[in-house]
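Presented sequentially are two complexes of subunit A, the first with subunit B as partner and the second with subunit C.
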Partner chain A sequence: MATTVVTDAPASDPVRRARRTTVRRTAGVGWAMLAPAAVLMIVFLIIPILLTFGLAFTNARLISPVPAKFIGIDNFVRLFGSATFWKSLLNTVIFAIVIVPVQSGLALVLALLVNAKVRGTNFFRTVYFLPVVTSMVVVSMLWMFMYQQNGLINALLGRLGIVGPDWLGDSRTALFALIVMSAWQAMGFHMVIWLSGLQTIPGELYEAASLDGASTWQQFAHVTWPGLLQTRTFILITITIAAFSLFTQVNVMTQGGPLDSTSTVVFQAVRTGFQQQQTGYASSISLVFFVIVLAVSLVQRYLTRDKELKR
Partner chain B sequence: MPVTLKKIAVAATAMTLAMSLGACSKGGSTPASPAPGGSGSSGAAASEISMWTHNAGNKDELAAIQTIVDDFNGSQAQYKVKLQAFPQESYNQSVTAAASAKKLPCLLDIDQPNVANWAWAGYLAPITGMDDTLSKYLPSTVAKYNGKTYAYGYYDVSLTWVTRKSILDEFGIRVPTIEQPWKADEFMAALKKVKDSGKYANAADIATGWTGEWWPYGFSPLLQSFGGDLINRTDYKTADGVLNGDKAVAWATWFQNLAKDGYIAKKSGSDPSQDFMNGKSAFLWNGSWTAVPVREKFSDVVFAPPVDFGNGGKVGGGSWTWGQSAQCSNPEAAAAYLKFASADKYVALVAQKTNNIPTTDEAAKLVPGFEPGGVNDVFRQYSKKFTVMRPETPGYPYIATAFEKTAKDILNGADPKTSLDALVKDINTNQQQYS
Partner chain C sequence: MTAPLDASAKGVVHAAGEKRRPWLPWAVQALRIALCLVFGLPLLFMIVSSFKPDTQIFGDLGSASAFLPVGSLSLDNYQGVFERVPFARFLINSVIISVVTVGLGIVVNSMAAFALSRLKFPGQKLVLGVILATLIVPFETMALPLLWWVNQLPYFDGSIGWLDTYEVQIIPFVANAFSIYLFYQYFDSIPKELDEAATVDGASWFRIYRSIVMPLAGPAIATVAILTFLPAWNSYLWPLMVTQSESIRPAMVGIDYFKQMNVSWGQIMAYASIITVPVLVLFVAFQRAFINSIASSGVKG
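Moving on, here comes the complex of A and B:
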């Protein structure tokens, strides 16, 4: 033992040096690997967010020979006095409140279905996932045709003797129509996440439960549901954020109409900033949106973390 | 583990490769890239200037413009114009981006309603010394702002009520002429007859399914025919009184009732001309661009003049125009091209390729159909007689989108007076910054 220590001792210096350089080298590699993502994040996320903060208090315009002027909180005063903004915010909130449980619930049902050990599950997994890989613009166009007064959906309803409304043209049904279509499109994505959650639950737990005589429902309530805690938190937060940023469907299908019934905060920001060239005002909308999303996700994180501690 | 690492490495390499390739191809198409071979700016050779157009997707128009450029380059050795085509969807963004980077080309085409905005923003330089030539152009194809000419176009389009002689005869409706267009009552009575017959899904189709510029282009002439307008044109400072006065409210109420009473669809199909040809509507409010396909389908088409709702018939005006940028390093070259390209034969060439109304009388004689008495001559006459330009103010892009939204709301049942008052307030706020 002693000899080995002695023989090792002189060698230890270069080894340590070598190790230190290795550490430094790995750190270097780490930074290098981080760099592309970091650069993209800084250029396309951090800097624009900072710019938004600044621009929101100016009268900056997309096209203008006059430099932007600081105008204090004028943009916010105008925003909070705008009926379209409150309507857009309400629509966004309704959309989020409805779509979070509906979409995650249906996705869970799908996940449970395709998780069953029967033949052909891969086929169904693919089918349910197809809408996700299809471009949202394409999906919106297709649903627009289906929602037409004489479209597929009303034709089917007609078979049942129901005269369907002009789904997207009626301010009472337009938002509902968007919700259904959006849930259908994004469901597959969350199904896959649920599925991954389901497959992390060890099979022994189910075996033990069935030995104890637990019914299928009891197995779900006491094994599956608690086992999906992490997945649930993740899905809740991602759907909520996605729901708040609702834009593509609105832009393609309704342009916020009829009578602002499908206008959303992001849509209003894009319309104001690009079509109407009011960069400053659009920035203030984005800033308000940013604060709202931040608050909602903080609340959600707080609530979910609390539960974790209790268990 | 080694497998995964290897996979990651391969994937990463592939990504980098793809990104660098992407960057390459991007770089290649960037207008700012130096001219190949460096042939441009060397003193001995012709000095090269670049020219942008939105016509990447319009094969015929692009070919016509290329012909003019080739002719110009062949006609003299001093200057050389290099044409660069962009897809229309991203053209305006490209110009805006280039302007902020001070990389605008010398020559560019501009959608007429944007001219005032871009001139105000300092993108465009006024065209001088062409007054004689341009005085022969249709006024709607010469884009002005603050008394200066900034761009000219080869053609215009007109709006028209498309219907068929057989339809008019069947319902006992008078065939209108340019001197005696339909009056409001006459037109509404005609719509009622057609609607009551139940033969058409919609008595009229005014393309409410389209979005964007069509709304101000297609529907503000109706408003103007009622006696209202988008803005008070004496100083372009306020819309008060013209856009929310009695006449404007009368227009809005009429517009709303068209849908409420079932004469039009609140949201028509994506191709109203096709629907008209399939017998779904009896009257079609559309641009003269629809003439070619409709004539192919029916031999008895009537292109009726705009209905007179009290203040005379009105149609929109202004299409794509050409001008020179304020960032051009060689303004003489740009001016020389603009002069060269304004000749009647080029007006005729572009108008013919695009099936649009040639802007000069001389050119009209050269384009089959547009010669006096030709089948398309009516459009030229409508354009001459009924055109009201979209307001030539830098605030137009705002007015256009705000008007579209309000008109849609009104069509969907919003209160006309309240909506118009709100619209006027918004437009006035926006106009303040231009004073």
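Moving on, here comes the complex of A and C:
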């Protein structure tokens, strides 16, 4: 900086030359700085994604002296003929269909409750967020105990004179139990996302609305809800993807049981690809999973974009 | 805490509604407190139980003492945890893995973001586009192919396969599309005139990155550190598949031991508390930074 100030017109030539050489050198430097991340992403992200597509059509095994062989669509034939797979897919879809509206809706309620600028909201916000920073493994262990036949929840229900079921041991309640616990863990996360969306809505809109005599509900329906369009899309997509990725809770708490009632797509992929070492077959499950996630995201994006155009 | 303060609440309770329903602010506050119990009590129960013998944990269940540090409290469960499994080793492993992942991640991703944001070179737009496109792929979809793949990769000592190492738990998670994106956004907000001035002074691009841009990027570094630390510390599926020896196993996977051996819930709660409480303390201490990081992850949609 000092040089440009001291030397004025006469220095313009060397400066320009310096700039030209920098531009020429820029590409080299750019790629060099990009290289570590680029190499790592190619090796540990792009290639594995492509491998999902490739391995799904082979009989690759995790540890095997024989190289993998191309077997066409055999894996998919076996997959679509498997009752366990359909059951797992159904469980995953039920889990997603229930948890997406429940979790996002309740998270919005939480956000509205702590959006007020009053003393104490920071405390509430912090407490609601605590489960998010707790690992899912810990949460699963904790809730496993709470859900036991003689555990915390049934003890509390017992005080009210209700005899609670064996939540995780009964195929009718196990998936429901996982849904409640998963929503409990992740709700604070989406509360924060909703909050950041709420804070982008200008306060004047609310002032104008209440001057016009709009009720609380009308303000919500005509100011808050339309203002949250982008946040909504984001939250729907992230919850849906997280719901389809359901694994940790199942592995820690139920191992897919009882009677496959909590088995999920990812749980099946891990069971076949890791425990049974059938990488090819597991890849075909992963591929189906990948296609579903992609389709869901695209559909949700399309639906919300459509609404945006209409307005 | 008080009704008049609540009246100013934007978007929840409004002056108009309040005149008609004076009880509403109180109801809202009661709801807030009830929800506090819903989210806080299970964690309180976990921590309190970790100090109680199993018989007392079950004995306290039906009453409020389940959530209170009463009765015969001791550190026996904690002692038991360290005796039953190589817990100190697990903890050190978790610390090594998450700290190294965060550290390398900050360097590698910020450099890439710097190149994408500050330098002009052909192919830049395409690279950024590919990076953003990968954000939609959940790790779980490629975990199994990745497992097969790391087992075929040549390791640093010339042998084949990365399984059962620290590296396999760290290196695949260093480069992160979302971290690059966060840094990229932040760097774009730092005035480019700073670079130009420094270039004229003869500073190299790397120098500009290290001495000008990075020192200004504190908030972005904090966000990336938090958003990489949490999944690294909490990661479960991947270490479950790639670790066999106890010497490199992280604490999250180690908790599985307690389900296999004759179950002591007190010890499980102690184990769970040790791996949770430090993170909770960090969170409460740096609450604003945590919340802001999560909020900033919402911008990607």
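Throughout what follows, the second predicted complex is superposed on the first by the 270 of 311 C-alpha atoms of A that agree within 3 Å, B and C clash if a C-alpha of one lies under 4 Å from a C-alpha of the other, contacts with A are read in each partner's own complex, and residues count from 1 in each chain.
To be clear about the criterion, a residue touches a chain if its C-beta (ideal position, glycine included) is under 8 Å from a C-beta of that chain, and two chains touch if they have at least 3 such contacts.
Predicted model only: the values in this text are computed from it and were never measured.
K.L.:
Aligned on subunit A, subunit B and subunit C: do they clash or fit?
P.N.:
After superposition on subunit A, subunit B vs subunit C: clash.
K.L.:
Considering only the touch criterion stated at the top, classify A:63 as touching first (subunit B), second (subunit C), both, or neither.
P.N.:
Both partners.
K.L.:
Please tell me which partner, subunit B or subunit C, touches more residues of subunit A.
P.N.:
C
K.L.:
Between subunit B (first) and subunit C (second), which, if any, makes contact with A:138: first, second, both or neither?
P.N.:
Second partner only, subunit C.
K.L.:
Contact-wise, after the overlay, does A:118 reach subunit B, subunit C, both or neither (first, second, both, neither)?
P.N.:
A:118: touches subunit C, not subunit B.
K.L.:
State whether A:166 touches subunit B only (first), subunit C only (second), both chains, or neither.
P.N.:
Touch status of A:166: first partner only.
K.L.:
Go through the superposed model and pick first if A:276 touches only subunit B, second if only subunit C, both, or neither.
P.N.:
first
K.L.:
Report for A:258: first if it touches subunit B alone, second if subunit C alone, otherwise both or neither.
P.N.:
After superposition on chain A, A:258 lies in contact with subunit B alone.
K.L.:
Considering only the touch criterion stated at the top, classify A:44 as touching first (subunit B), second (subunit C), both, or neither.
P.N.:
Second partner only.
K.L.:
In the superposed model, where does subunit C crash into subunit B, at 131-139, 239-247, 275-283 or 293-301?
P.N.:
239-247
K.L.:
Once the complexes are superposed, what residues of subunit A are shared between the subunit B interface and the subunit C interface?
P.N.:
Correct list for subunit A: 62-63.
K.L.:
Could you please specify the touching residues of subunit A with respect to subunit C in the complex?
P.N.:
The contact residues of subunit A facing subunit C are 1-4, 15, 18-19, 22-23, 25-27, 29-34, 36-38, 40-41, 43-49, 51-52, 55, 60, 62-63, 110, 112-120, 122, 124-138, 141-143, 145-146, 150-152, 155-156, 158-159, 184, 187-189, 192-193, 195-198, 201, 203, 206, 210, 213, 215-216, 219-220, 224, 230-231, 233-235, 237-238, 241-242, 244-245, 247-248, 251-252, 266, 269-270, 273-274, 279, 282-283, 285-286, 289-290, 293-294, 297.
K.L.:
Quick one: which bits of subunit C touch subunit A in the complex? Just the residue numbers, please.
P.N.:
1, 5-6, 8-17, 28, 31-32, 35-36, 38-40, 42-43, 45-46, 58, 61-62, 66, 108-109, 111-112, 114-116, 119-122, 124, 127, 130-131, 134, 136-149, 151, 153, 171-175, 177, 180, 197-202, 204-206, 209, 230, 233-234, 236-237, 240-241, 252, 255-256, 258-259, 265, 268-269, 272, 275-276, 279-280, 283-284, 287, 290-291, 294-298, 300-301
K.L.:
Across the complex, what residues on subunit A touch subunit B?
P.N.:
59, 61-66, 83, 166, 168-169, 171, 255-260, 271, 275-278
K.L.:
State the interface residues of subunit B toward subunit A in the complex, per the touch definition above.
P.N.:
96, 99, 117-118, 120-123, 211, 266-267, 397-398, 401-402, 405, 408-409, 412-414, 422, 430, 433
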